[in-house]
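Some structures are shown below for you to check.
Two complexes come next, and they have one chain in common, chain A, joined by chain B in the first and chain C in the second.
Moving on, here comes the complex of A and B:
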């Protein structure tokens, strides 16, 4: 791998200082499971300063509570998230998504912030983070801000972060009493780039009336999407089969609407509809097949 | 029990002799080799799949840091082409580029990084030619890939037995179907790597690396580099998988690195990246089949007519012998009197296609077994009922006219064992019934497929099916065995050692297997065609017999007694009232100036086959795969719940390793059946999926339960009793999986194109409006 300089900051403060002062184009590396692969393909980092923050896991790798929120450090690995008691309790859909990524080697090494910053449309964590209404904490020499999931990514493999921005945490509002489903459709059962993912959260009261519902499709759109109009279709009602079918239709119609008609649409749109209906039926304890 | 010191080692599950070195990382593979003064090579690929090469500009690369030389086809002193049977492959483009894996120049530098950087500076001028991206387009096209084949058809085999056309008229039921398969990559875990070391004394080279066929490689270097064969020594490194793939692919690298080595006088290493390996290595043939199969109303097969069109890619490579196996083994292990099987290969600008585990049969079995299921459904029979009705038995005539009266024709037993282990018949009924329910979105299905596999090459290879081994018994009674049939990772060397121990009459710990070295191991055919154990065992047996004769002669002189009843067993030599340790007998030999050494040889008898009757092969392995799948109708995804591979390989020399072959064969079959796809573009002949991130292979997670079954009946035509397993282990697996998917979908034969990936299965289950599936 060719780089102009390689810098391994000793602390977050040191990293922020480096980001503020370094003159070369900046490439930030955490676990390296994407960057090192790109570096093998070409010399795109040859003139860059490679800032390796993986050593800051002590400061940036923790998973903790902050009042009503779950704070996941930027450098938490997918494996750590998948087995974190806090995540399993307050955001189990994210644990499921993280468990579905790649294979144990990658899950043990790759970080959640890296998965976000890489901005792959097929990144498995993004759909779960979107329905969780996660916010991404970003620090830069100018200060700190939080971005929503549908704001942080511009298009495939392009995030909206500036060169001196550093993701430091993910904030997720704690959820309790929700049912969840993360479904990954791949061409094989491990080491698989997703063909499509579905992430759904559902909360009903004791009468079966839906209090909250959120659903999205991943590996399909240029960036993580939330669909308040689709979500609203179930909220406040006791859904009948026709309502579920309407949601499935509406969700799958987003595919040609947003991504346009592509070669894959003929497959993805009906599959999305069928999977959505299956997931809703499962969540509502209806038809299992 | 210590297997190493018991007698009669055959059929013991000995540890592989290379196991420790491999699991501890000490085994040296091709690219592990580092020599003082070594140069590193990098190839420059053609920009166009089909183009006249007008000029190559290497000046800028030659001036780049670290570059020592750049070679092109103009530097080749001898012939410009090589090949095993057909001499038409260009390791460096001479007149025109024929596919995107052709190399126009090779840069050699002090480091790999320098070679990689300088290779980008090589430019060329081309005159583009139209690209022929499919056999249908290429046949009779005015663009000709190889002027010796003006129609672009480069070979084929037409099996004609009886009169299929007339017989088809007498059938009560006739089914037809079109089936097609895609390119399949060998995907050996170790990409190709070859190092050529020039002698400091004279024009001579030593070649190391991941090489499947060292003697073939020697011929190629001889022809192209103008060196006497005696001055070319080939010593394959530990090979990290080959599956037929490291024959011509390794030879092309050896020619390129050899030019560098001879030009500079320095060792030259040429290692491919995964992307380069997929770009330039040959593949399994995509084949299109039109199958017509007729039967009486009781299920008795009457006639089979198949037109098969294979994509040879840009070089003939092994296409004609591949078509031979398609046509002669494609009709399966069935009694069918009237056969018309025409298999033709066509040159295109696609990656060339050649030897790959199965060699033309996985595709053909997929086509035939699906047609069998379609036929069974039409006759209201189950898949096993129809097969039971038609399977060959002892004394029957094979579809290609071979009277099978020389060994146990065990395919019935092999199939029944597989069916029983899967509980096929019960599951077939149960799932057929369950799948009637339209609300059941995840469906189960079972499939079964059978095959007979000619051991070693067939009648089309008459003359070159020989094998040799050199065995020397040292003064201490230890035995050194040299054999040029290379261990490709399947454990062949261990099997050979076990056979040598058994045939010499000593325990396994006395045997040392030499690494293949063409200057020590006599030339022998390559480890191809599932022949390594079969013909290797015969050569070892021949050498052992000759050594026994030397020992007997020495003992007769020494004791002055008849040795007519001499026996060699379990480290003892016995005759008359004499019973001495093996090493004592050897000591006597050395004392008399008669050190025991012998070259053993074996020739498969000349086979007479006339396209209708005779012996297309010497003997056969019988195999059956049974598979159970789960198919999600809503996504098209397929999960292999259970798979059984049942085989009669004559004898399992090492049962544990035989089971390993069977597991691996299933994995390869699953890949071909449901996911492996090069992303080939028939317009440009380009490949999209150039690495293992995009070219998907099954992982351990993609398998449910897998069960290997060894149903062995020792073959009188084999020195060891063993025949073949390498190719049988995988050849009919994809067919069984496809049949199982079709059963789950409730539509026999509806998956007619492999791989049965998400899209294909989804659309088969959910036909777009107005396009109801077949």
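Moving on, here comes the complex of A and C:
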């Protein structure tokens, strides 16, 4: 690919120093599974300093616990997340989402931070991260901050990060006793770009009363969304079929409400309603774990 | 782009070469090192023809920057017959007619190699997932899946 300079920092500190001082426009590359595709299309990086952080996986690729949170290093690959015992225990919906991305070769090299930064509306990890209420840790020469999933992405393929910002980790509150469901609708299981994804988390007490419920739709809105008003419809009740139907209706009504009436709405709205109802029935018909 | 010194291990041999780190790994393999067994199909990570094994994992070398080969241990189809798993896989592909035009074959072999490296006795479903990122337009996949399954059985018979 065409770039002005190629820089491979030796450490995170080195990377932050480079980000603070480099004069050219900055392009950060991690796994590169999106960047190398864009580089084929045009010479958009020709004047850029390409900062290759993939070698920092030792510092930025770990998955660990920090009290009540799971910390996923920015450079953790989708494959590593999908098989991480910590993720499978505390955030299994993210493992399912990461397992549905592309195919093994891409999952082995592409990173979670890259999936976020690329900001594709169809990115499979984003819906799972949204219902998990993940926060994205960002470091820049000015300091460190955390952004929620609906804050970090502005619109399709545009994140809210500055050129000298670096995603360093994803923070996910640990969940226990939740049921989860991640559903990807695509033309085939591998390699397809999602038409729609649904991600749902449900926690019930021993009487079947819903303690917590979170659902979202991906590949449908300009950025990851959470819907506290829809989630609230099930919380505190023992849901009957009519309640599930009402949730499915309310969730699918968000599509024209937020994205506007588009050519795809006639397909996506009824499909969303059906899928939502199917998922809720699966969750409520199944065992609590 | 100026050249840098890249050091890596490839097919069991140590390399130290001057190369452009911003080219694709597959171009370095094919153009700089003349290892043309690795094929370029789609160039966007969808067909799997360029699959190589990087630090024990299958990756599409059209989506890996050459600079990321620094310090890595790489296996391409040219090094396959030197390994026990690879040699068995190659024989099973031949025996099972899992090759027709041959363009996709190096990629399938490398995906299958990475699978058997971590999981010597995979189920049929695990084999399907392992090669889900490889496209074949000739065989219809069944002979390929059969060949990988047979390789797993032969590895088991040889006590691996």
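We adopt the following convention: the second predicted complex is superposed on the first by the 285 of 289 C-alpha atoms of A that agree within 3 Å, B and C clash if a C-alpha of one lies under 4 Å from a C-alpha of the other, contacts with A are read in each partner's own complex, and residues count from 1 in each chain.
Note that in this section contacts are C-beta pairs under 8 Å (C-beta built on N, C-alpha and C of every residue); 3 or more make two chains touch, one makes a residue touch a chain.
It should be emphasised that the depicted structure is a prediction, and the values quoted were computed from it without experimental measurement.
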Once chain A of both complexes is superposed, is A:52 in touch with chain B (first), chain C (second), both, or neither?
second
Touched partner set for A:128, first chain B, second chain C, both or neither
neither
Chain A residues touched - chain C or chain B, whichever exceeds
C
After superposition on the shared chain, which partner residues are touched by A:200: those of chain B (first), chain C (second), both, or neither?
neither
Given the touch rule stated above, what does A:181 touch, chain B (first), chain C (second), both, or neither?
neither
In the superposed arrangement, which partner chain does A:267 touch: chain B (first), chain C (second), both, or neither?
first
Check whether A:102 is in contact with chain B, with chain C, with both or with neither, and answer first, second, both or neither.
second
Now for A:1: first (chain B), second (chain C), both, or neither, which partner does it touch?
second
Partner chain(s) touched by A:191 [first = chain B, second = chain C, both, neither]
both
What is the shared patch of chain A, the residues that chain B and chain C both contact?
37, 103, 189-191
Touching chain A in the complex: which residues of chain B?
439-442, 634-637, 639, 675, 693, 696, 698-702, 757-759, 762-763, 766, 768
Residue numbers of chain A touching chain B in their complex, please.
37, 103, 185, 187-193, 195, 266-267, 270-271, 274-275, 278, 287, 289
Which stretch or stretches of chain C touch chain A in the complex?
1, 4, 21-24, 43-46, 48, 51, 54, 57-60, 62-65, 67-68, 70-71, 111, 114, 129-130, 132-134
What residues on chain A touch chain C, complex-wise?
1-3, 6, 8, 29, 31-33, 36-37, 40, 50, 52, 54-55, 79, 102-106, 108-109, 189-191
